[in-house]
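You will see two complexes here that share chain A, one where it goes with chain B and one where it goes with chain C.
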Partner chain A sequence: MKGFVRRRLLWVGLLVAATVSVVSVFPVWAGATTRAAYLTGWLLFGLMVLLTGYNWFKKIPYLPLGRSELWLQFHIYAGLFTGVLFFLHVGGRWPTGWFELGLTILYAIVMASGVLGIFISRGWPKRLTARSGEVPFERIPVIRRELRERAEALALSTVPEAKSATVAEFYLRRVHDFFGGPRHFFSHLFEIRLPLNALQNDFTDLKRFLNERERQVAEQLVALVRQKDSLDYQHALQLTLRLWLFIHIPITYSLMLWAIAHIVLVYGFSAGAR
Partner chain B sequence: MDTVHFVIDKPQRWDSSFDPEMSEGAVNRLLGIRPFSEMDVTKFSKRTPLRGILKNDTRIRRFKNGEIIVRAGDYGSSAYLVLSGHARVVLNPGLPASMLGRRKSQRKGLFEIVAQLWTNPRDPEVRTQAELVQDTGVKARSSTKGAGVFLQDVPRILDEHKTAMMSAGDFFGEIAALSRTTRTATIFAVGNETELLEIRWQGLRDLLRFDDHLRHHIDRIYRERTLATHLREIPIFKKLNDEQLKRVIEQTQFGTYGDYDWSGDYKRLAKEGRHTPEKETIIAQEGDYPNGVVLIRSGFARLSQKFGHGHRTLNYLGAGCEFGLREIAHNWRQRTDAVPFQQTLRVIGYTHVIVVPTPVMEEVVLPTVPEGDLPALFTPGELAETEISDTTRKLDAGAKIGPELMEFLTENRYFNGTSSMVIDLERCTRCDDCVRACATTNEGNPRFLRHGQISGRIMVANSCMHCADPVCLIGCPTGAIHRGQVGGEVLVNQATCIGCSICSNNCPYEAIRMVEIREEDGAFMVDKDMKPIVKATKCDKCSDQIGGPACERSCPHGALKRMDMNNLDAFARWLHR
Partner chain C sequence: MNDQLPSPDFDRSRYERPNQDWECGWTCNGCPCRIGPSPTGDCRATAECRPVLEKKEGEEKGRWRCTRPKEHGGPCSDGPLPDGSCACPIPTCQPRRSLRNQRGRLCMAITAATLALLLIGFFGPWRWQFISAGPVSSHHHGVVFSQLRHSWPGDEGCGACHSAAHGDLREWVRAAFSAHPGPLQPQQLPGINAGEMTGLDRHCLACHPGHAFHQPNVTRDHSCSACHREHQGPGRMPAPRDTQCLSCHGNGSVMEASLKKGEQLPATAFNFRQTSGRVFYHVPRPEQGYTKVFKSFADDHPEFQLHSQRLTDTNSLRFNHSLHLSGLVKLNGQALECASCHQPDAAGAHFQAITYAKHCQSCHALQFDARNPQLRPPHGDPANVRAFLRSLPTQYADLARRSGMTAQPDTEKFVTEQMRHLRERVMNGENLEQQIFFATDPSRQLAVGAAPSQISARARFAGCAYCHEVGPGGVDGLPRIAPVITPDRWLIRGEFHHAKHAIVACKECHTAATSRQTSDILIPSKKSCTECHSPQGGVAQNCSTCHSYHTVHAPHAHQHVVR
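This part shows the complex of A and B:
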């Protein structure tokens, strides 16, 4: 059995064991005390603090606190386990009142963005690698500018050389904007090739009106268009691989603040304050 | 009227002389001194006359009292001849690392590690006083004439350490220069009148080629000082008694293949978009009679086997590996059923080898080896290529990691890395946690680029690989770049680095960056001419951190690994994890 499969089975096993234990013990607690919700609440909060700690852990890599890989595994499975605790804590009912609703929505966003994060972190690197054209994210604007400059120079070169403005006009009308910035973001995310194919088809149509020299230039422009499309692909996927964290982390902190307020309110307005 | 010019065909390496200021007068003086005065000039080729070698491949250097000439543990590409004055060689045990311009390995304590939470400066590349203070036993100085490291208390060193005197006519440093191994002892100047002739390795090679006397002299030293120690370390020679070992040493041949300056050559090819030179010299060829066991002493060689109409790389062999033992041991036991070499051995870049001829192996070495320690016999199935033995399977790293990856590692010379940074692109989410972790752990700047050559799903990032053959060490004038004493990592001592960029220009993998350093208040440090102070920076494998490489530890997806490329089994396991 491969290492990754073995690891997944181990963590899933732990998650199932923890879930079964808590779910089977909870009715006993609930029967024995009226304060079972306090227990699940504190368990849930404690776990959320640990999960938030992962972000802090990343900021102090020089402390010998173990491997990030292990922490992430814990983060994922403990994160999923909070779902079980959350369900038990709210007693399986829909929240009442705007405060509880806010708390639930924040929790749902954090959970959903986390699950989305796992999904894209596992699947998208393979897509990026298969498509080739690997490029560091911060280099993308520089490369895009270089491509645009080369494309513009090529398109303009046909005017004096072929004594015709057909390619230059086509460039202005159909291609100029394409090179202007990242394009077809969602098409790339969902692996839809329609925009690229449409542009390539327009080039094919154009070739009927071109002489030999212009045709050569058009071929070179198509090659640049493909390179730019690959770059947009890298941009779209790499950006999303970073962007989901911009939802997951700030909402996590909001959730924590909301949860603290929730605890204060619960203790302030109940007998538990004593 | 046309003027006829006599154009002298100047060999390429003399396009840049070792010392452009070497005068004819100085060459005339050298020609009158032993051993050059005793050399037969008619034996030298027209393209490389003795005078030409002295003019282009040597330089005269003067050393001051206490100045270190060569340091134990350094890599050097020159040999030295004492012209006048004296030098002293420090005998075993040598000088401590701190006296040689290096730092003792300084792993941070737990408190220092935690204290980084509040002591790490906000600005990048800040150097504290403590980091820049040189050890008291040594001082690095640079001037317009060059840079050097000076021992501060010579009388005490002479008192506390055993040394031997060297005077005019003595030769040293030739073995390390020719075999690309480390200097075995430290030698420093005594008195202010020490004058040495430094001969770069290309000149030394030609002097040996054309002068029998010098060749025999160096041959003898090599056999006496180096071979015996080296052979004793190899299991198959362990059981030899002194008499037998002497016989083996007498018969052993050694040679250097390829280009010593392979890194420069490789850099040029890489810039042109090619990696492999058209031709790799063959050391031993598949199908040939096995005339000796080849022991690789330094550099690397490619092990390949015929496959269809071409050759398939099975593995690469580095220092300490052998070739041909199995065939010779087989033939010794099965005289009627002799086999030729089953694989081909080619030079990659540069290789220094020792060859123990078959008759010596058969008469002296093999009879001392217990039957159980001999390599397995070839089976008929193996010879008919219908089955693969365990030995071949073990050796065939190409089959484990795939032929394309094997070729990729070989072409890019990545086998040189004892701690290469490999990234599995199918798991890497391009999150740059590794880059940030490296920057946080190392003066605010990452010591690597998360970018590099790619083959399939594997990227070898541009980070120091802590090479088995660290060419960056050659030529550092102060010895600031050196191997650490514990893990063999290549480190730069910030106190003695003078910012000359020699290491950075030498590194074929672009792993060293020169940076302008800052004071603790964030201002750039300048010298007395108001020029910024520059230091070499590179990955130090986080050798001062308790947890080890921060980049590897901080990758959330287990995509990044520091790998010893000489252990392809471990690499294969990681690939198929």
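This part shows the complex of A and C:
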């Protein structure tokens, strides 16, 4: 833990130092050369290339490029630092041309998705562990099937044992679909328990019409419903932990292409202007 | 609520590999087959096991044995079929791509879409709008420019400024790599001096010929595009940044070179300002020129020359601001204020010129005869005054007619009576002329005509010399009245907009209430400005707030050329 805090302080210190340095040096650049925007632009592009390369470094582990953990730290803090460079590069001005607007929007999407990624990657694993332990994402369908089979068997068991089809009918009408697949995706993301509470309330209402044996089965079914809800919770959060990269990585490639085109246009059309 | 799920099974043989491209189609049902799809995404499912034939010693046919692994349920109860095939065939599935594979495909799709969009943008019919960095300013969007732009390459007339607009993407790339420094020479960027002329600036000069529109002693041409940033929006171009001004005015070596160059130029070279009919207060050029090195207005910008050189107003008119603002002088019963005389012009930036007819006459009427205040000599040319005085009988007769006397005898009687009274006071016409031109004491007017009980709120007319410098030496023996020259502009190197400062009372900046002499220049000092225009004051202190780089030497000819 001590090492983690020290490491975080080190990276935050580096980020602050780099920000203060660039922000204080930029006016000097701007006074000494009319190409300050070019300088910040190249610095920004170079960093973006390194940040994009992080995805590739992970794919070539046999090259001695350092630990992936180190690269991840660099990726996070250098990514935040690009925000400072971008602001200096555009001079705090909202772009007025379509091409530059596209470039800005792409950058904003990559930046925002990256920040979101940091936020959920750091915070959600704790939520997952606190709520329902550890479940590998790839095993979720298997566990869901097991829960469904147990629930169906329980519901059907009441027909011969209690000589009543009330629980079975209720299962078919209200619970069967719940066990059919992942449910309440957004409710789980935002910690909303209304759907689960509604289902539990329906069970409570049902119990008034059940005999002793059926009540025991209903209690067991409620427990399975809770487990399934926890499984859906795992599915929603773990899927989101993977899906944010579906925005971050593809848009990064798009951004890089756009940035290269931007460089060509700037050099081609400014012909030395700034 | 903490509903712990069943502990996961980490059996290595069943451990999923999410980095594989394909996964079994039955995965979402929770029952993936143990064989899994091929690397190319084909279903390889056949049966749950491959039975093996076991022969005991002496047996001919042997017995097929189920080989289903224990983790998948162990040997099935039915066992293999007599022909040796498994009795539990696995239904085939449509393998689906793993999340990782889907992400990779999405990356490729978005990359391809971006490339396509860029190519469409670069080669499509709206390419100039697409690549434009934004609308050009109103300066380059006028009627003439609109008419000419179609004659330039690029639908939007981009070719007027950008050479690259003469071609397509290949030309853009060629232009990019022929720029100096080019995209592959970023290390040369820090070595480029601020304000250095560029290729783009030469296009500016095609329409804005010549580059001599600052001080004559500038030692180098400053880049147009360094200050004037285009494509920032459809309005006016944003004002140049201070860094551009300070690239010279904050640079000691540049200012030193300017000083040396200025010393070699004749003084007349600096008299280039066009007055456009306005009266400027002429300030002598300092010995060092305007080459002091400074960094900001609030800190080390030189004091206004009017104050640093203790210059005075050379206007010949005698005017006492303090007296007029003291409250003793009233107009229509109201004490005079600054705004009583200083009225803003149409733009509100400056004030209308002060004239006798508009601003002085209402109080300072030329009433030389207290019995007939309507009768006044003309203001202005002394010759007209003399002509008026020499035709006094006619003037009195006109006055009588204007007063309603129609009968000739009554008019003659009136004229005779008035002339008699006048002679009693001034003896003769020569005395009257002398008194009107040279008298300076307003109290004497009472002695020469006004009744003691007659009190007027208006200033009494003493004589021209009360306000003007009057002396002998005029033409035809007339007195010479020194011309009144009131400058319209005091700070000719800066601009001041009074309307923008309307929230501040006049007296906050101008010490008019204590000024008794005409020679006092009431322009506030720099300190008065920096109370607001400073980092502490919180109001802008940019160079362009007051100054314009372009000092027009001659009417600026735009040469809109057709290329």
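Throughout what follows, the second predicted complex is superposed on the first by the 269 of 274 C-alpha atoms of A that agree within 3 Å, B and C clash if a C-alpha of one lies under 4 Å from a C-alpha of the other, contacts with A are read in each partner's own complex, and residues count from 1 in each chain.
Here is the rule we use: a contact is a pair of C-beta atoms (placed from the backbone, for glycine too) under 8 Å apart; a residue touches a chain by one contact, two chains touch by 3 or more.
None of these values were measured; they are calculated from a predicted model.
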item: Dominant toucher of chain A (residue count), chain B or chain C; value: C
item: Chain B versus chain C as contact partner of A:Glu134, first or second or both or neither; value: both
item: Which of chain B and chain C A:Tyr38 touches, first, second, both or neither; value: second
item: Partner chain(s) touched by A:Pro95 [first = chain B, second = chain C, both, neither]; value: second
item: Touched partner set for A:Lys126, first chain B, second chain C, both or neither; value: first
item: Partner chain in contact with A:Arg226 - chain B first, chain C second, else both or neither; value: second
item: Touching partner for A:Tyr253 - first (chain B), second (chain C), both, neither; value: second
item: Contacts of A:Arg242 with chain B and chain C, given as first, second, both or neither; value: both
item: Touching partner for A:Leu72 - first (chain B), second (chain C), both, neither; value: first
item: Which superposed partner A:Pro64 touches (first chain B, second chain C, both, neither); value: first
item: Overlapping contact positions on chain A, where the chain C interface meets the chain B interface; value: 134, 136-137, 242
item: Complex interface listing, chain A residues touching chain C; value: 27, 29-35, 38-39, 42, 93, 95-100, 130-139, 141-146, 148, 181, 193, 223, 226-227, 229-231, 234, 242, 245-246, 249-251, 253-254, 257-258, 261, 263-274
item: Chain A contact footprint on chain B (complex, rising order); value: 113-114, 116-117, 425-433, 436-437, 440-441, 449-451, 454, 457, 459, 545-547, 550, 552-559, 576-577
item: Contact footprint of chain B on chain A as seen in their complex; value: 2-4, 58-69, 71-72, 120-121, 124-126, 128-129, 134, 136-137, 238, 241-242
item: List of chain C residues in touch with chain A within their complex; value: 1-9, 16, 18, 27-32, 99, 102-103, 106-107, 109-111, 113-115, 118, 121-122, 129-135, 158, 162-165, 171-177, 179-180, 182-183, 186, 189-196, 198-201, 223, 225-226, 231-233, 241, 243-244, 246-247, 250
